[in-house]
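To start, I am sharing the structure in question, which I have written as structure tokens.
Residue numbering begins at 1 within each chain, and the chains themselves are lettered A, B, C and D in the order written.
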């Protein structure tokens, strides 16, 4: 029994998602991440269940907790009503809270992710927003996507969206008062603090790695080492 | 005139207990809802661990029912307490007033279609342990040709909180190993896999059977619970599990998949429990006074159990419990007379 | 051609029916005990070589059954044939003969190629 | 395949869906990639069926994508959701319908959590009050927008101008249905038809004349995976999972795919393009891909709306082969026009996947 486990056990997602695992492997069998990454959700649940703080600490610092896609397919199948996906979400949250996420390549992706997503939510009220969805960052948007970006106003108008307009409708301009409310919610519920932690820890890590913040963020967004994949591939 | 005892459920427990009660000088009234006596055993082909024919046990038992009043196609309509007796009314209009009732209602096989992800009742090549026994027993030709890869799925509806059955059904592991060897005899060229969570080879000679399955039959054992079954264009199956000892997801293309349906409380359990006002456990089986010293005695006067009505049991356990229950009833009734 | 900056990842799922095991069949002929393993791990726990290396007889047997001899056979080189596994194996597997047989059978396979 | 076996399961997952008076919230991804689908949803419900569906400009993202990318904590997403519920309460509604599956899954989960841990709900109420001075009631009924289209599928069929039938052969079109993971995998009883054999889209397909194709990887995720797509370094995961699905469905020769999740139609469409450009492989007939649609797009086609009003020109995989099969008329020259016929240059052609 250790301090990290105690903290995890306070998390509603652990209370909901980890009863008692019997290591049957139904989660791993159908896990989209287990097939392509060096990843096995059953092992993670087993480590958390062991309450071994050293092992949990290693998890929080590792790439392995960042492979899950949170599709929650595992939840349907577990015969013990566990939710391995929720256990992962709780581990990730703790890794951020304690600043361990910067110790892994996949964890360092928090910086570009949070910039993009918190930025979109606070500035526009959307998680994804056409004006910030860059074709250069998303070549799979396709040639039709490139065209859509080039003719953004015409295309959205043609499709009946209200991009940036007042009143209801798709992509409407969300009133400033509503955005202010989102900001207040961020401040009160810890999202702003998360951004501060991620900024600060990333800055420290960038310095340690000898990178500027821009280089660090760009590397986090694009770099992928071969160690994430299975050895036999 | 000898005293009547009502025995509810005409499977091996009910038949054996009735015979023993008769031998002790009582007149058992044996009630069976199905058209024939024998319960699940009547539909089973061969028995573990030796593979003897089930009918070699059951047929002599059924041939020896002199002195037992038995009613098939009959259910219990009501049971009421009248002073120190029980009045049992039957669906055929008859009724009996007795001092002792033995509940030998057994179990129902878990309905495999409830494990939706295994596709029983949807994918034709997915069958159950019971289907396989029926196939062996009838000797009918296999439904499918080209059976080259066969899988057995242990713990279907057992050890599964989502399916509402937390308990181990006890007999499926050894049944799967038995059936795997039998099907290997029918399809010598097939590769046979058993997907298990634990192999619970607890009984005498079970471990020998397991060893034989490994060495002589070449059955392949994979530790991992099957997560999903799907069907290919040609009706063959894809089975997904984790090979947990290897630590990797695994996919098997199978031509036949056998689901080891576990034991669940018989459908009549709750109704009968209400009629005689006794308790069931949170697993839904009848709850005896003690699981150790008197697993055949209920908390109520004159109500006794035998067999799988109080939880998953093997056939020899059921038979010896039937004898023990008959003795307990005899003792109880004699004590009343004194 | 557009450079997307990422690509398809190979699957690591064991497609077990694709695994052809002629060599394992030959191994069973030489040492039928290979089929008796129940993966209890006693051998791995007591292995002298396993203390310092990845050697793990339980794992070796399983890997051979899964067609993964390439990553497995090098482990066997660490075995010193001390025989402790034979003492602890609950199924009485002749581990010494098994290990030597694996060496022979798979070395022969190697030579054929 | 034994169809009756599925019917039996479907009969066990009947979801109660009220017929009218809904508070509507939009989806971030669908507004960005499929705005015309949301428009069609409102068109069908309000104008075709005369239903009351209310939308307030003040509603926002639920924060789901940010939450599932660990960009905001659980308390934040719960409080944003509480604010959405407050907007519903203030507008006088108690039936809540959302366009997004991630939202639907989160709303369901949040309400379950609050039921199980009342102290958590109290905390969120306090947060919301502090941040916005708002109060809320939880919805009496929660539905995903596809639940409503499912509910009215037969009414739509009655008004249909076209059917999911091959006009030339008279045979039903072979349709792959893809359900968003968060629709029912976490709470099977909350989805029409459950988690293993969801009926929400299959019901539409059957009602509109098509034939549902069940292929081995039907239940597999499209591979969005939130951070696994949003971060470029991870996109191999996303691509590989979609690839796995297409390899599995290919032998079944589907004519089209229908989806109910915001991201899935985008990924199933775009990853076909990437697979073709990287490996040369295409999954449709004659070098085309398999066209992928939202359920509103399919409903719109069935009801006879112009394909370019439905936004089908913004798909990378060409839809024309499917329109031809259904006999839906369209003007190729109008495909890439703006409002009022404004001429826009057409997109470039990809190398390996055929487009129109």
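Note that a residue touches a chain if its C-beta (ideal position, glycine included) is under 8 Å from a C-beta of that chain, and two chains touch if they have at least 3 such contacts.
Since the model is a prediction, treat every value here as computed from it, not as a measurement.
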item	value
Chain pair with more C-beta contacts, B-D versus A-B	A-B
Centre distance in Å when chain C and chain D are each reduced to the mean of their C-alpha atoms	47
Approximate Å spacing (C-alpha centroids) for the pair chain B, chain D	46
Chain A and chain C: spacing of chain centres that average the CA atoms, whole Å	38
In chain D, residues with contacts to at least two other chains	195-196, 219, 232-237, 239-240, 244, 274
Residues of chain B touching at least two other chains	117, 223, 228, 243, 248-250
Residue numbers of chain C (touch at least two other chains)	2, 4-6, 9, 11-13
Graph class of chain-chain contacts, one of line, ring, star, complete, other	complete
In the complex with chain C, residue positions of chain A that touch it	34-36, 139-140, 222, 224, 229-233
Chain A to chain B touching residues, read off their complex	22-31, 34-35, 40, 42-43, 76-81
Parts of chain C lying in touch with chain D, wherever the complex brings them together	1-2, 4-9, 11
Chain D - residues contacting chain A, complex	26, 28-32, 35-36, 38-39, 55-61, 63-66, 68-76, 78-80, 83, 105, 113, 116-117, 120, 127-128, 130-132, 181-182, 185-186, 188, 195-196, 219-221, 223-228, 230-241, 244, 270-271, 273-274, 308-309, 311, 313-316, 336-339, 342, 344-350, 355
Residue numbers on chain D that touch chain B, as the complex places them	1-2, 4-6, 8-9, 194-197, 214-219, 251-252
